[in-house]
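Each of the next two complexes has chain A plus one other chain: chain B in the first, chain C in the second.
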Partner chain A sequence: MNEQYLSQVRVLSHENAKEASVAVRRQCFSVGQAIEFDSEAPLASALEYVLGALGADIVTGFKRLADRRGVAVDEVEALITGRLNNPLVYLGVVGEKGNPGLEHVSVKVFVSTFAPADTIEEVWQEVLRRSPLVCTFRRAVTLELNWKAAF
Partner chain B sequence: MASLPLFPVTMVGSWPRTPALLRAQKQKRINKLSVDEFERLADAAIADLIRVQHELGIDIITDGEQRRDNFYSFVAEKLDGVRLMTLAEMLDIVEDKAGFEQILQTLDVPAYSLSNPTCVGRISRRRPLAVDELRFLKRTSDRPVKIPLPGPYLLTRAMFVAEVTRQAYPTKEALAEDVVAILRAEVADLIAEGVDFIQLDEPVLTEVAFNPGKTRTFMCASLAARGDPSEELEFARTLINQVVEGMSGPVFGVHVCRGNWSQNESILLEGNYQPLASCFHQLKIDQLVLEYATRRAGDLLHFPGKSLGLGVVNPRTPEVESVDAIVACVKKALTMYAPRELYLNPDCGFGTFSNSPVNQSDIAIAKMKAIVTASRRLRAEYEMEQS
Partner chain C sequence: MKKPILVGAVLYDPKVSVIWDIIAEYFAHNGCPIDTIFYTNYELQVQALLAGSIGIAWNSPLAWLDAQRQSKGTCRAIAMRDTDRDRQSHFIVRQDSEIESISELRGKTVAVGAKDSPQATLIPIGMLQAHGLEPGRDFQVRRFDILVGKHGDHIGGELEAFRCLASGEAAASTMLDLNWQRWTQDGTIDPSRYRILASTDRFDHCVFTVRSDFPKDLEQQWLGVLFSMQYDNPKHREMMDMEGLKQWMPGRTTGFGPLSEAVAKQRFFEQ
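Up next, the complex of A and B:
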């Protein structure tokens, strides 16, 4: 294994079983439990962090690659929706079958730009080719990816 | 206003923008197009729309809100103390992120594309809100003209974002005092310029009445905390009456609808006007501009002493209502209202939010044509009866 390719975070439990602290480089952030069903819960769940990470990879990648090509893009925004196979297995509901993992993830990206659609499509394809998390998710779940121009 | 024929036809307000105008709107927002250049393009689009209305035979002309981003956010450009904040900016500060998310997904738009006029300081009129719109209409059309304005309750609810507004106004009631003063100054200016019809848009009233404590329906109402429904309606009534108190000349209308941002009727509000009846009765206005073209609006109610802007077509559907159906709808209303008391209009605008219009202009034209044809048929029948 080439060690320079490693990413590493340290994750600490809390007395509260619904929270973990993640230490990374010079920062620390809190994450909630795996899946959250309480809309009032104070922390984003681990699952929401995963989806957020995929979206962050895509929107930052889009801006970076568009800039590099000299394509003016004002805004990029992604809506990520993940569907679990069966969250009741995670909850331990007796008799539930399947697995609690992600089965399907859809990514809809909105791009505000005056650039021609085919230029944006080229950027988009490069984003998908070069995104670490898109390439990872593709191997694990059904991944649906779309973009549309929106002012 | 010059005397109108029976069953005058008008639009509620908005009309789909052309792709060129949408693009110009965006360029103006990011300072890539000057205000003057934008106004020139908007003038051309409005002149085209006025020509369409003339050709169709519409009696009271509007400018389709072509200069506006939407029916209320445009005030941010005209008022001091108000900043246009995108939903993307506001997601950081508002508590109910899930409520906003639901609206974004229904509209299928990004958070950066929706803007709210947010009060960030003491508010005052930097320039009139709609006098420029009126002047252009009067220069371009010799027919009576209507100016829609965001109502005082809508503006107060939308502009009061506690997290940033409290530095200037401790409560939404305090903000409302200045909102009323601004709208009164605007109405006085519009009257001085010869406006024929002023329509105050108050769509949020239906959410207050039909949806207390449930899912938020209007983005513009998602911000200020909602109080008890009867207190909120009393608050709204007081503000509207304060705006029109002592004003005379034009027809004063109040427009209320149940949401006009999705073609999925099942997610829009439902219920007849009964919960609003007491509020409506006490409004010191001339006309209620109400939607009645969908079942969601329930049975027709009579509000004595006020004319009715009767919604006879659904602005969100691709199907064009038949002239017979429109005539039948009006005849039903004639069991409660005199012919002179009925104006005909769509339920709401065709392009409330500029970047997500609920219909295309060719369908909007066909629907307005159906209303005009129905009006002509009714006019022939009832003018003869009245003479």
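Up next, the complex of A and C:
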């Protein structure tokens, strides 16, 4: 493996155990705790960032490939749903079994386009083949991927 | 740093942990830090309380009875929600049902919650027994054992029991009065199609429990902070709404009669 392709971020804890700062190149963003159960929590959780990253990988990849191939696509939207094996293990509930990891991830992509379905399908397959996160998730969880045209 | 008081709670839904985060934060700010230990069922929590692994347990009424049974009546009930007092369970029937009294459930099927649910199973069956109706002999029980071990904290058993009634597979179903109120208001139950046939005697629900040797000074300090929570304080209200109370009250043991009788008649702890 060539080291020049390594990706690196720096993450710092806060006094407040519910927040971490992530520094990447010239940017910095805050991430909440691993999983968040409070709908009013001010920060996105680490888990939500992971799912968001997968969605971002797919929608940007789709748009980029469609543009290159001259396929007219107005907008691409992804809805990502992750199911954990047992979130109660994360909370340290005595007597719970299993693990707090992701078990199943569903990705539904809505493509706003009038292009023929087979053209979009070709783009879609290429997006999945080239996506770093799709290829990673496929090895780790049950990954369900679908796209649908939206007009 | 002051050593936190360990408080046990049974957790069936991760969202409930948010309530405990708010409570812990409030206690810490008031100089009485607590650490919440979550358990998957009340049996483990009662064991931990009696073994001294935790100082205070947020017990279901059945867990309270179990702690008393195992400690030979030496535990103390120190606090409860206002809404834990004087609850009732209802027997629900269809509006057009010909059944007009409890005794007319003879020969019928009654849908109930989980086998360890005080409100949806033990107390209602106890009421039928008090009217001379024995389960299996005089009426059939259709039980919905959802999340057994959590003593009916999860409403799923009561909801499934109601659905059983709605599908015509049972003549009546049982549920806590608060659930009847909520479900007839939110559209889950159409009150024009279902009615209350009868209600149980009033009973008390959850209660904070300590062992007899829990230090009195710590208890007083802890209760002082708990009772200082005010519903008109927006920070407290969020938690109190989630936990379903408007005021914390002193614990009392006078409201466990119906459950004690039901448990004895049904030999619950002998199973």
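The rule is short, and it goes like this: the second predicted complex is superposed on the first by the 150 of 151 C-alpha atoms of A that agree within 3 Å, B and C clash if a C-alpha of one lies under 4 Å from a C-alpha of the other, contacts with A are read in each partner's own complex, and residues count from 1 in each chain.
Basically, a contact is a pair of C-beta atoms (placed from the backbone, for glycine too) under 8 Å apart; a residue touches a chain by one contact, two chains touch by 3 or more.
It should be emphasised that the depicted structure is a prediction, and the values quoted were computed from it without experimental measurement.
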Superpose on chain A as described above, then tell me if chain B and chain C fit or clash.
fit
With the two complexes superposed on chain A, say which partner A:Gly92 touches: chain B (first), chain C (second), both, or neither.
second
Taking CA centres after the superposition, what's the angle at chain A between the directions to chain B and chain C, given in steps of 10 degrees?
70
Touched partner set for A:Asp74, first chain B, second chain C, both or neither:
first
Would you sort A:Asp38 into first (chain B), second (chain C), both or neither based on which partner it touches?
second
According to the stated criteria, A:Phe29 is in contact with first (chain B), second (chain C), both, or neither; which is it?
neither
Report the closest approach of chain B and chain C over their C-alpha atoms in the superposed model, as a whole number of Å.
5
What residues on chain B touch chain A, complex-wise?
22-23, 25-27, 30, 88, 98, 104-105, 109-113, 355
Residue numbers on chain C that touch chain A, as the complex places them
11, 14-15, 17-18, 21, 37-41, 44, 48, 238
Touching chain C in the complex, chain A uses residues 35, 37-38, 40, 87-88, 90-96
State the interface residues of chain A toward chain B in the complex, per the touch definition above.
39, 74-75, 77, 79, 110, 112, 114, 150-151
